[in-house]
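In what follows, subunit A forms one complex with subunit B and a second complex with subunit C.
Up next, the complex of A and B:
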């Protein structure tokens, strides 16, 4: 679509105040508002490996530190490694005269030709090497860190214990009443109540703390090798920062210490409206599918504006531009123009109506975990950060332009039927299917010569709300009037002669 | 029923691992509490959605832009590196003592209002770095990108009146390399130099340069220099222009951190001055518990040079009268220098301290600002049995 290449020509104002091309926006069918990547809540739905396309449930992905256990990245150039098979001849241990050929596998990079053989990693007998096959050096750190973790954890428990002792004086029994629930263990109840698990006895904490051995500083430090002053340095044997940081734990300094790292998983993400918690986008679970379970892109609901032609823009001279409105919905829509100020006022009115009236109390919770999800918070909408450098003469608000519904079959129908709409030929210059081309006059500001001419206008459009609300049992689609603000970049303003 | 309860959203907040961030001027470390290393160490940069240019996150021109850069950057951290949803998950931020309040407020706003995290705790990098050792007293020397900061921590409390901060860190070394290269360029121009980028200079520093010994530096100052190490051919740019990096540059660029110029300040004098500013009974334990952290402390030979300098200077007329200490001891934490502070935060963040001391989302939404107690700098970290102040 040409839209991709002119993404900054027509921009819509999102509910949050961001300017975005409509192709990058969502439309919440519940709040009836535009949403963009900035003002939706992003959530990780599932994890998968982009190389082998295996899906991992979140718990398992978390356990594996969000890495695929069978795919590896090249430690040299960070691209994906491929498995190579080779045949090696091995002398039969029983019969010295017989030679067996064995299939062996190693990993190699198609991009930089690095192989696991370069760093002396042995070939594998199986095609799928488990990550443990190449265990990391210097694993002693983990043991020490676990001891430290335990130590600081005990300190924390000690502190909490003291705090709880202090609090007991002020809140008698309020927490303990929970524990008398039948069939629930104390630990379970604490979890339910959002409290950390029960503390061990203070004496146990003290005993365990006493066992801890703090680190001891030493006089010796790693000294500079004498050879550094005499030996030639082969800089290609020294790793770059990028290579080091790709393996944060070990950060090898020499190329020969690089080992393949397990590939990072990718995520499928869903987007949720922050006004009402409904999904505006939810991808298919299958990693190889590019489809969506839910996809409420704004371009399926909101009339789209495109800039078709512009007369030369000269400061303080009237020039004509032609824009096209197209109706993406299956219903006809009526468009009328309003000023930016009017549209802004309408947008503000709308925000004050929230929490959204279209969703009454009885509706099913938006997600399974609604019990554990906290209610959404929203940032204040921002003022629009764009300077208008041209005035536009809009048709008055009572000029209504009806757009036919989108009909895929009509795309191939060449006959243009302008008769059925009683258009003012001064405004509507052309019609076809669900589109109408309109002529507007723009007066670029004289002092902005050389800059882009940005104009802005608001428009109202009718929208058929098809969301059923349990409150009104007899459900019928409602016709509502919505408004939107757009900014058009018409191109450079020329100097007036 | 319980099963879905856990799968969708991982259930209760206490079930989820807290996220630990250490936002550095040049590199940001991000990962999970209770883990041994950060999931990623990435440049604190993000592509600006409007201009398409890479922007350093903390180089914003105004606070609106700062907010947007932080939002984009942290979004990337969550969805490209940590791969978890930010909403309803705890966050621990390891911050420098010198972090401006405005930045802290903005981080809180971004995390609570945009990412809807459930709680936030700021921990001071110098103090939590000690939890990688399990000690309460140490002299923490943090050598980062912009500056070196020395803070004595005694019995878990930062001795703030003794802190030292100077722009003697990675940036200083890199401008020194650039200066030495351009000096030579005057006599012998090369194509390589003309095509040199900032990233190249950092790369040269990391791969070719090292911290030489004090002995060799002193000899050179006396006019009897030892033979220079071999030079290195470095390829610049896609056309592979050759830049010759002399042994002098390789050996001496880091010396800029140790030269006592007009102001008589070097990394070593900062350490000694910090010790001197502490009460007498603290000095020996501090000198015997030095902890070097930060990316610049990882340069080859850095530890050895600092030790040599401290021993030499403490016996020199400049200090021998004021400081009676001659022996200095160094810690080696179970982490690389550039993520030691992060690891401290990750250890600390896996404990009940997070439940006790964090600022909750509800509390933030009520006040819309970060109360002083949320930063442990103002609270003091009471690790250990002794309590001071």
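Up next, the complex of A and C:
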């Protein structure tokens, strides 16, 4: 995948100013903007165990410390442990001459062949052992860890309290009046609004925080065991740092003290556009499904640029590169080139316009969520931090290249239909289905020999907006013109002779 | 067993397959090779005795694309016969490479593992999938090499005996493959 989309060769500029390959970006169909992992809101939809695929509600997951109670990780290599069955013969307690065979279960790692028998854990009579089946040996840090967790939780509460106090002054009236809605308790409103439950009084939080005992540095430390001076150290018996930190409760020093730890849960997350709060990606809830309910990857909407070939790049000499544009949408799109500056100006203009169009005022029924959620975050896009080390001669902005719609069946169709496009053969060198190869000339900067030649350009493309806004009752797809900025890494610049 | 066979004559007559061994016809065997009873050589496995004879013991499984070679070391005197000995109950999984001259019993070379010429393998060792060993050493008994960093540990038990798998394969392979005729070592 990374290779297919040339992840470090062609990078698009996200609305937030990040540079990303198109395969790692989303496209919001409402704001008509590119979004990347840094400028979407990530929400945890569900917790599940990647081994037994059980879904846990988030409250239960938190209660169980985000671990599955029936699956275990190998303490040695941290992969999943498998259950193995064996039969053992046990002498019948009533009749000493009779031998019963019993099924017993133990856990074993397929990767490093660690087994629960290695550390002397007894075989289990049932297939699903609970975590408590293996008791913690010796002293454990669990008490202290719980105290620390509680402390951090209180700190979080205090912080939230302060923030809410601050925000109260700026809360829009609509929300405040809503909390006094008859028939709804305050807690109920908070819950429906997706807000965390009411906090305890700040004085109680402060009192509880005061009870906390901080760690005290000791002058005297426990002396080393005698054996460390007399016995030869077997490095194979000592745990690695990774193994130790995987078991924070005990942090065993010797591999004989390793015990299986409950498997960490995985999450399914959905991504929400920061500008308009619509989902750009939402996975299927079922853990065994890899499908998405909503998946607006940028590569489904935005024309994709790939670098096909580059002539040797020599400082301040003209050299040819061939790039291919492909249209991922079901409608034809028209592409024209603009400079980076023009594209940046257009992007800024677009940012200023969107808030009005995306959240139509007064028209939409005031749903509870739109009233109580925090208003969309509007951020200044950061300047793009990439140094351009080559100039590119772009076709003029009036040169329009029409890309045919993507047709999945066209791949199997060999007939070429290039006649219907009136292309300048100097620019368009090849066409096939929804793709067009274009020839551009690049002049690498002479003083950048030895470095990678990075060129940048902007392009406009037409996009069919199929989203109906509640404002416009009569809906028909709108043709809009969008622009995007890309940076291409064309390879090393050679020394000019 | 006529161990005096010089390695220069790489004719097929140097091949000695035990009566109970099961060697598929599509396997590639070159040079002086002795295959012990109950050993199974899958189709497309390669065994090449270049620098000297290869002696394979009983009840081994050599899977598809496995590559066992007694390679002529660069700079070594070609007149010195260097024998590769493989014990019993070893499993060579798909696409593993074994170049060492010595392997004990009940070892497993997992998929795409690689054992270089300088690594002697004792008994009950497991070379994990994709692990490469290229040094000069003798692996202690029950060593387990695993993971992308070739981490090591010593296991409690040896890997399970491949006998069940051998029983199954002896029944199934003969139905679908031609075998190389056994030629007893006399």
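By definition in this document, the second predicted complex is superposed on the first by the 371 of 497 C-alpha atoms of A that agree within 3 Å, B and C clash if a C-alpha of one lies under 4 Å from a C-alpha of the other, contacts with A are read in each partner's own complex, and residues count from 1 in each chain.
Quick note on the criterion: contacts are C-beta pairs under 8 Å (C-beta built on N, C-alpha and C of every residue); 3 or more make two chains touch, one makes a residue touch a chain.
Everything numeric in this text was worked out from a predicted model, so none of it was measured.
A.B. asks: If you stack the two complexes on chain A, which partner ends up touching A:145: first (subunit B), second (subunit C), both, or neither?
C.D. replies: A:145 sits against subunit B, while subunit C stays out of touch.
A.B. asks: I'd like to know which partner A:77 touches here: subunit B for first, subunit C for second, both or neither.
C.D. replies: In the superposition, A:77 touches subunit C alone.
A.B. asks: Could you look at A:285 and tell me whether it touches subunit B, subunit C, both or neither (first, second, both, neither)?
C.D. replies: Neither partner.
A.B. asks: Name the contact category of A:102: first (subunit B only), second (subunit C only), both, or neither.
C.D. replies: neither
A.B. asks: Could you look at A:43 and tell me whether it touches subunit B, subunit C, both or neither (first, second, both, neither)?
C.D. replies: Once the two structures are laid over each other on A, A:43 reaches subunit B alone.
A.B. asks: For A:117 in the superposed arrangement: first (subunit B), second (subunit C), both or neither?
C.D. replies: second
A.B. asks: In the overlaid three-chain picture, which partner chain does A:224 touch, first (subunit B) or second (subunit C), both, or neither?
C.D. replies: first
A.B. asks: More residues of subunit A are touched by which partner: subunit B or subunit C?
C.D. replies: B
A.B. asks: Any idea which subunit A residues touch subunit B in the complex?
C.D. replies: Of all residues in subunit A, those touching subunit B are 38, 41-44, 47, 57-59, 61-62, 65-66, 140-142, 144-145, 147-149, 151-153, 155-157, 159-160, 163, 191-192, 194, 196, 212-215, 217-219, 221-224, 228-233, 235, 238-241, 245, 248-249, 251, 264-265, 267, 269, 367-369, 371-374, 376-379, 382, 385.
A.B. asks: Mind pulling up the subunit B residues that touch subunit A in the complex?
C.D. replies: Residues of subunit B touching subunit A: 4-14, 17, 27, 29, 34-42, 64, 71, 75, 78-79, 81-88, 112-114, 116, 118, 131-135, 138, 202-203, 206-208, 210-213, 216, 226-230, 232-234, 250-251, 288-290, 300-301, 303-307, 327-336, 338-339, 343, 347-348, 350-353, 355-356, 361, 365, 382-384.
A.B. asks: Would you pull the subunit C residues touching subunit A in the complex into a rising list?
C.D. replies: 126, 128, 144, 146-147, 151-157, 159
A.B. asks: Tell me, which parts of subunit A touch subunit C in their complex?
C.D. replies: 76-77, 111-115, 117-118, 236, 255
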